Amino acid sequence: MPKITVEWPAGQLDPRRVFDLEQPRIEGMPIHPSHRPGYLYALHRRHNDTYGQDGPRSSASGMIVCMEHSGTHIDALCHQAGDLTLFGDVPVDAATQTSKGFTQRGVEEIPPIVAPGVLLDMAGHLGADALEPGYAVTAAELQDCSTRQRVTVEAGDVVLVRTGNERHWGDTERYLAGSGMAADASRWVADRGVLAVGADNMAWDVIGPRDPELGCTLPGHLLLLARHGIYIIENLRLAELAAARQYRFLFICTPLKFVGATGSPVRPIAVVPE
Amino acid sequence: MPKITVEWPAGQLDPRRVFDLEQPRIEGMPIHPSHRPGYLYALHRRHNDTYGQDGPRSSASGMIVCMEHSGTHIDALCHQAGDLTLFGDVPVDAATQTSKGFTQRGVEEIPPIVAPGVLLDMAGHLGADALEPGYAVTAAELQDCSTRQRVTVEAGDVVLVRTGNERHWGDTERYLAGSGMAADASRWVADRGVLAVGADNMAWDVIGPRDPELGCTLPGHLLLLARHGIYIIENLRLAELAAARQYRFLFICTPLKFVGATGSPVRPIAVVPE
Amino acid sequence: MPKITVEWPAGQLDPRRVFDLEQPRIEGMPIHPSHRPGYLYALHRRHNDTYGQDGPRSSASGMIVCMEHSGTHIDALCHQAGDLTLFGDVPVDAATQTSKGFTQRGVEEIPPIVAPGVLLDMAGHLGADALEPGYAVTAAELQDCSTRQRVTVEAGDVVLVRTGNERHWGDTERYLAGSGMAADASRWVADRGVLAVGADNMAWDVIGPRDPELGCTLPGHLLLLARHGIYIIENLRLAELAAARQYRFLFICTPLKFVGATGSPVRPIAVVPE
Amino acid sequence: MPKITVEWPAGQLDPRRVFDLEQPRIEGMPIHPSHRPGYLYALHRRHNDTYGQDGPRSSASGMIVCMEHSGTHIDALCHQAGDLTLFGDVPVDAATQTSKGFTQRGVEEIPPIVAPGVLLDMAGHLGADALEPGYAVTAAELQDCSTRQRVTVEAGDVVLVRTGNERHWGDTERYLAGSGMAADASRWVADRGVLAVGADNMAWDVIGPRDPELGCTLPGHLLLLARHGIYIIENLRLAELAAARQYRFLFICTPLKFVGATGSPVRPIAVVPE
């Protein structure tokens, strides 16, 4: 297994070693119905407004309105509860859940993530450009894929699963109808003690079906966030990493500390071996 | 000079090696008057709303309204113009400046920053908890400080200057009245070909005075962003890094790709040597 | 022609005499593409949050994000320019057009409207539930309709035209594809010196076609707002008024004084004779 | 007592008979701390952006972010609860209180208000430009004032009380520290069966003190909204009406139907007798 080394000041890092896993943020990008309208940006201060009043210099700036769960983002632990209990037996009550967010398990508690990352290219493994709508990836498939890729998922890893759904980013309806993880796939990563998971789809889980055992939809959200304290990263760009057959890398993701919020837009990167 | 190595899969990174340089984001944090009201977060979807409708699972989420230049953030090159020209001779006109932001030099053009970082602890160097309001740090002081700290600022570096202003984060009026860089300090870093600069104040520059030579306020904004294409990072937390006397580190900062925006909130980190 | 009298303190006004012309405001209501996402409301402060801390009393409140031109609204004169000139030869320049809105012709300049109103029920006149998509109502049709309804449009009137498009409010695509006024219909009302016009569609004008004479789309916007200083009210509910065959009424509309804004959501009412 | 008659089509209404009771909306206007930051408007679409693409015509528009309780506004009944019960024995629970607002007692349930209005000029009555900070107007004072003004408050009336606080609108701290109604003043208006009340201050009530009998602050909010179903209108402009000694008028106020919201910005007007 290759070692990934980032070393200074022995010269600059070759930018070809850095993969950008964030989707660009534009109005109209796919958004889960619960988080509509998702994202908007308005430029209101323009250079011409004040040009001439301060020598040659002028400024421009704008305003962002967004849901935490828009675009490429990470879910904080407070985003999900099981029987009104957050991870670590924190009850959902007036002390923890307020109009300005959560006083525990908010996104500001996520430390900067600088961890070993592994990509499981499930679309590649199953020989598909993108898995079919509603396709539920199983634990066995994750295991087989990791075996074929000769990678082992270990405690502390960040596991990214490529479903190929990313290619439908431009088509909200198709993107939302995409594939995802079965409940046992979430159990499989939880059993390995991973730090976080991510995928190139809206919800990690398949959207829609109810898991018969847990009795809820999006079972991975319950299992990972509420029961195991494992973060979920959604709407990742993974095609370039897969095309380069880079399955092991240094994964870096720094959620913004919106105090009390249930998630944060992020721009994760993968730094690959030389 | 120490080498900074981040290596995988040779075990987990000691979290004590990672310094978090972002201020937590809360309503009422200091904001430049041009960017009021800065930031707000409202939790509207609560766990109790749907609990019982989907087995044990429930969700919560909220909405963020913020200016790009709120809290710890990076300035995109389009944020500043010199004689209505952006860096690289890009004119400010209807083709480049639109209601949804800039079609060139937007924040989405900033690559993930993974670069050698250097801290110049100016407050420590001058023996102050925090530099006086309005104090303008000069090129000579930056040079002296780097000499005393035995660090050399080199091309491609990210240079962070600690003024001590961070300690006034809880007091908007005092924070905004803080110290910053003189125009020649910006020239000094530009001459060295740095990739980006940052400080623990609102504007890198001293806010207020007009530079006689350039004929404008905030001369560093004109020099760095518009003339040299050097990014500016503001409202950094640098006290912990200085207290640990960590002057050389791996600097990581991943601006969100808000397409067309003039900046992005960021959570930069410094990874220090073992 | 009946007189409309509102008289106090001679007893309460019969609520059946008041017609509410505003569409309810909900997320997902039809919006012109230029004004997406239109409208959202988030309740974040809830009664339970503080209940018990202040005796029996508790409060709840939320946040509104909206474009001025969402839902039932009025256009301010600054919304439209002809050759970069606002109504009354006001140039569009850095003095009049700022990041915080217009310094002249903003919506705050519209006085409270308490004026004689007239409804021209064009759908009824043409024997249709709703005019066909793209149908352009002509001046001749307005004239014929007013003749048949035995109403005369006079200076100072507010003229409301019912196209029947209101019935498609629940279907954004169909609603936007609706009917509207031809350029000469706008000229007809302008020639009569009306104070304001309104319709049960998104834009008064037909959306889409370019007027050959004026060389622009939405010719009524140019003619009425920029050239004649006549306000336009959009997305009205007119079906109830038409069903009651109330063609003459007291029209009341009080735009909010969002200083500098280009329009305002409104709730116009019609008070009909006893 | 004079009759107030508004009659059409007997000619235009003299604009001097219409008093505008709304404060202009600008960033930085006084706001209750619970509703910060209150209000902002950003113009992002400008005329120059598209000029030349559509003949002589061009458009401009912006975005509003506001709390329902910013500026001159009306409180919906769901804004306040007594022992977690809304007016009319509606319980505050998951069925009535949702992330998108209330399913009962929301602001959309307020009918257009066209009702007899009465102004009690308490500042004038007590011979003050403005009542002192914290001054609590009593029922006896309302009674005395109405007697002196020779007006009778009757069922269905909208009662506006002028405290003079309006003159401090430009000074948030002073404005918030202003005077208001004592609990028994709210009882006095409730006993008379009024439709709505309003004042030229932030909260009708005095902000701060706890009412010993009810055990809560802002007792009028509990009494009027939660117990009697009487709307409260805040931050009114009443000085012009008082200066004109117009104590009886036709009061018109049309809250926007933000479905589920706890209030609405409004522009109330008073139409006075000829």
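In this document, chain identifiers A, B, C and D correspond to the written order of the chains, with residue numbering beginning at 1 in each.
The rule is simple: a residue touches a chain if its C-beta (ideal position, glycine included) is under 8 Å from a C-beta of that chain, and two chains touch if they have at least 3 such contacts.
Source: prediction; values computed, not measured.
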**Request:** Please identify each chain that touches chain A as well as chain C.
**Result:** B, D
**Message:** Rounded to the nearest 5 degrees, how far is chain A rotated relative to chain D when their C-alpha atoms are superposed?
**Reply:** 180
**Message:** For chain B versus chain C, which are copies of one sequence, does the interface use mostly the same residue numbers on each side, meaning over half shared, or is it different?
**Reply:** same
**Request:** Determine the centre-to-centre distance between chain B and chain D, using the mean Cα coordinates as centres, and give it in whole Å.
**Result:** 43
**Prompt:** How far is the middle of chain A from the middle of chain B, if each middle is the mean of its Cα atoms, in Å?
**Reply:** 24
**Message:** Please output the residue numbers of chain A that touch at least 2 other chains, ranges allowed.
**Reply:** 27, 40, 42-46, 48, 51, 62-63, 65, 98-100
**Asked** Chain contact graph: line, ring, star, complete or other?
**Response** complete
**Message:** Quick check on the complex: what are the chain B residues that touch chain D?
**Reply:** 27-28, 36-37, 40, 44-46, 48-49, 51, 65, 94, 98-100
**Prompt:** Hey, which residues of chain C end up touching chain B in the complex?
**Reply:** 40, 42-44, 46, 62-63, 65
**In the complex with chain C, residue positions of chain D that touch it** = 1, 3-10, 12-13, 15, 18, 20, 22-27, 34-35, 41-43, 45-48, 51, 54-69, 78-84, 92, 97-102, 108, 111-112, 114-116, 154, 156, 210-211, 214-219, 221-222, 226, 248-250, 252-263, 265-269, 271
